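Two complexes, one shared chain (chain A), two partners (chain B, chain C).
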Partner chain A sequence: MIARDRNWLLIFVVCVALAILYPFIADGYQLTVIRDALIFGLFAASLDFFWGRTGILCFGHAAFFGIGGYIMALVTLNDAIPFASLLGLAGAVAGAAFVAAIIGYFLFFGGIRGSYFTIVTLAMGVICQQAAVSWSSVTGGDSGLIGIPPIEFDVAGLPVDLSQDLPSYIFVSAIVAVAVLALWSISRGRWGTVLTAIQDNEVRAAALGHNAPLRLLVTFVLSAAIAGLAGALYVCMAGLVAPDLSGLLLSTEVIVWVAVGGRGTLLGPVLGAIFIQRAQQTISSFNPSLWPLLLGCVFVVIVFVLPDGILSIYARLKSLFKGRRRAQ
Partner chain B sequence: MSDVLLQAENVGIRFGGLQALEALDLTVRDKELCCIIGPNGAGKSTFLNVLTGTLRPTSGSVRFRGRDIAGLPLHRIARLGIARKFQIPSVFPSLSVEDNLKVARWGAPSPVRPVAELLELVALTNRAATLAGELAHGQKQWLEIGMALAIEPRLLLLDEPTAGMTPQETLATAEMLLRLKGEFSIVAVEHDIRFVRALNCETLVLHQGRRLRSGPFHDIETDEMVRDVYLGRR
Partner chain C sequence: MPPKACSPACANASPARPDAMDFVVTTLLNALTLISILMLVGLGLAISFGLMNVTNLAHGEFVTVGAFAVYFVQSMGGSFWLGLAAAPIAGAVVGCILEFAIIRHLYSRPVSTVLATWGVSLILQQGLELTFGLGAKPVTPPIEGTLDLVFTVYPAYRLILIAIAALTLLGVVLLISRTSFGLDIRTVIQNREMAEGVGINTRRTYAIAFTFGAAIAGLAGGLVAPLAIVLPQMGVNYLANAFFVVIVGGVGSIGGLVAGSVFVGGLTSVLNYQISPSLAQAIVLLAAIVAVRLRPNGLFNGASR
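Here is the complex of A and B:
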């Protein structure tokens, strides 16, 4: 367990070092590509925090991403609101958490688990996307909202302006690093151990005095809040928000990122998101219709060959060599 | 009667057309050890489910320290001081033995025994880092007892604690319980007569959902009617 923690921290430090070095070799455009990929990486980590620790799959996680995005857009596009960027971020986080709390309360305390939970959250995602399309007076309908300003605020009187490539890259990287580290320290300690126990046998955990539905609910709300934060960051960087951001496709993609990166590792899903989006861009420039086909194939191969994700390659090789040595 | 911990009065439960339990009474005093025995299908586990509040009786009541516990959520019942060991070992297989005990302690309102002492009590000190899913069957049962102890119960309910154990493990379990006897009340549901004989305590015999006999075990053991039921003559 301790060795596992050390390995995780080592990989984390390497990733942070790479993120720090990247601006020295990359141009502005490449920075924005990685920046956007990192935001989706944060989104993937938020799903992994819930799915990886509870074993319950949320198939509508993009709903929280979209809710965060729309709240951020509506707050920052309204000229009457002061400190719009900060208020927008706070509102996005709170809004996503609030919706998760309402839905989660009825599901968890109503004893909905497993595939039933997955199906209900799938419907939730579809409802959110439909609401974004239909409520056009507020959400702009199918075409969404455009012209969302970049994040800007003051730190001790010094203005922080994220309209440039490098500052926005640094800002996003820092948030992703802090959030992933925070989620990891929550999920490895007492909170995570009890969640694993609940995943193993919820009735038993309850018989020991643990309020399992409440713990699942809080985990779900926290996960949704981070997803909302990612959504808010994304719309500010992209400058627009559209119903797709809460759609079924994004909900599916985020599951693939987590599965490819390795469920329960938090860092793996971030890498999975970056890796798959890079692959998507490369392959789509080659032939746009090739990508969905390849994505499906990659997913199937990963599930069969590396069910614990790409981060498990090292552990797999190690156990393979150990097995060889023992056999000799 | 201020030392009465658990009192079941006139408990009856009906599943559709089946009267699973009928007019059962049970009084467990503080720090008392008692056994519920009976052939398969006698209603032992059902009665235990009623005693832990997981099943609401269709008639009668179950009071723990004067409070009706029927239908309370599981974690509330645990926090009242009722610990339960399930029939099928239900430890957390993906956690280590030590983490299993830690999860149990964290659920308790005021845990007293440190994890090291719990490991000692259930003879698992040298397996602390093993994943619970990899333990032998008997050791899983002991780990479960250890987890039940971790919540510092007033009352420990054991559902067939020796199911699937070897005779040596069964006797070791009985010794473990006898050592713990003076600390809290224990109710064990069992059909292994050797185990109940080793405990030699107040015993309630169930048959077809009703009380057949109750009293000290040596009286029960010599009872003609109990022998008939166990040998299947009735």
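Here is the complex of A and C:
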């Protein structure tokens, strides 16, 4: 257990070191590419925090990403609101958490688990996208909202302006690193242990005095809040928001990132998001309709060949070599 | 129909009554159309999700495949009825392949089933798009005219659709309650180990039941094709609604299926008159969530918790 924690921290430190060194070798465009991928990595980590620890799959997580994005866009595009960037970020987090709390309350306290939860969240994602398309007076309809300003605020009188590539890269990397570390320390501590107990046997955990529905609800709300934060960050960096951000395809992709990176590792999903997005950009530039087809194949392959994600290849190879050595 | 230009004083006079009646009957028939389709799509889902515990996210694609089968037959010069005969066959073929290639290996891994069937759903959607090209596909109904029903005038094809759906449902009820295969299915559902113990090939029964559900969904797709926008992505809307039918209605009985369809379909069509379709969908979703919270075992089996 302790060795595993040490390994995780080691990989985390290596990743942070790489993130710090990257600006020295990369140009502005490459920085923005990694920056956007990191935001999706944060989104993937938020899903992994819930799915990895509770074993319950949320199939509409992009709804929270989209809610965060739309709230951020609406707040920053309104000139009357002071401190728009900070208020927007806070509103995005609060809005996503609020929706998750309402839906989660009915589902978890209603005894909805497993596949039922997956289906309801899937429908939630579909409806969020439809609402974003049809409520065009607020959301801009199909084309979304454009011209969202970059984040800017004052820290103790010092203005922070994230319209440039390097500052925005540093800002996003710092947030992702802090968030992933925080989620990890929550999920490895007592909270995560209780969640594991609930996942293994909810009745038994409840008999030991744990309020299982409440634990699940708080975990879900926290996960949605981080997803909303990721959505808000993305919208400011991209400068636009569109219904796709809450759509089913993004909900699907984030599941693939988590599944490929390794469920329950928090770091794996971030890496999975970065690598798969690189692959997606390469393939989509070749033929845009090929990507969903490949995505479908990835789902099937993962289920049958790599149920524990890419990182499990290393563990498998290790056990393979160990087995050989023992045999000699 | 005379314009409603009269003063409030004459609002209760005779012309208003047929209008109100017309509205009620039209709404009722629209609801009945939607309920029929949902019932057919939900039937297959009730078998796989409700009874076999398989969350098949590719179920919506059976509907899409059925609709495309009708389109394909029509575009080759065949009649609508020929296409409608091909639709359940197409659904069954896809369902059978899916069961053999993927689902039967994952009965004990529910989350993996969700991921794999969703992958298959994406593959089927993109495959259809690559084969038939972008854009909505036109499907013409076999009968264009309307039928005079005393209170209202209603498209004849929709009435045929309702009749076919009702007959199909009746056929399924008879199949399950009166034939030896139906007895096998009921046995396997009640207790799989015991069914194996008395010599029923449960794997084969599952496969046939799954294929059968896919065929019915394909038929639903064929029936709805002239009314809907036929797109490779059309399945997901039916998927979500059909899951709600099964969840709200509760599993294990045709009565639950009917109750769930009436709840989801009826609410959707009534709301569609008042507000935008997306908002109507959102309200139906919320109502379904609340209904599940209050009656976890389904509307129909509400008392037995």
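Following the convention adopted for this analysis, the second predicted complex is superposed on the first by the 325 of 328 C-alpha atoms of A that agree within 3 Å, B and C clash if a C-alpha of one lies under 4 Å from a C-alpha of the other, contacts with A are read in each partner's own complex, and residues count from 1 in each chain.
We take it that a contact is a pair of C-beta atoms (placed from the backbone, for glycine too) under 8 Å apart; a residue touches a chain by one contact, two chains touch by 3 or more.
Every value quoted in this text rests on a predicted model; they were computed, and no experiment measured them.
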| item | value |
| --- | --- |
| Chain B versus chain C, judged by how many residues of chain A each one touches | C |
| First, second, both or neither for A:T252, with chain B first and chain C second | second |
| Which superposed partner A:A212 touches (first chain B, second chain C, both, neither) | first |
| Which of chain B and chain C A:L21 touches, first, second, both or neither | neither |
| Touching partner for A:I313 - first (chain B), second (chain C), both, neither | neither |
| Partner chain in contact with A:R190 - chain B first, chain C second, else both or neither | first |
| Chain B versus chain C as contact partner of A:A131, first or second or both or neither | second |
| Residues of chain C that touch chain A when the two form their complex | 49, 53, 55, 57, 102, 105-106, 109-112, 114-116, 118-123, 125-127, 129-130, 236-237, 239-240, 243-244, 247, 276-279, 281-282, 285, 288-290, 292-293, 296 |
| Chain A residues within the chain C interface of the complex | 55, 57, 59, 103, 106-107, 109-112, 114-116, 118-120, 122-124, 126-127, 130-131, 133-135, 248, 252, 255, 259, 289-290, 292-293, 295-300, 302-304, 307 |
| Residues of chain B that touch chain A when the two form their complex | 73-75, 77-79, 83-84, 86, 90-96, 99-100, 102-104, 106-109, 147, 150-151 |
| Of chain A, residues touching chain B in the complex | 1, 190, 193-194, 196-197, 199-201, 203-212 |
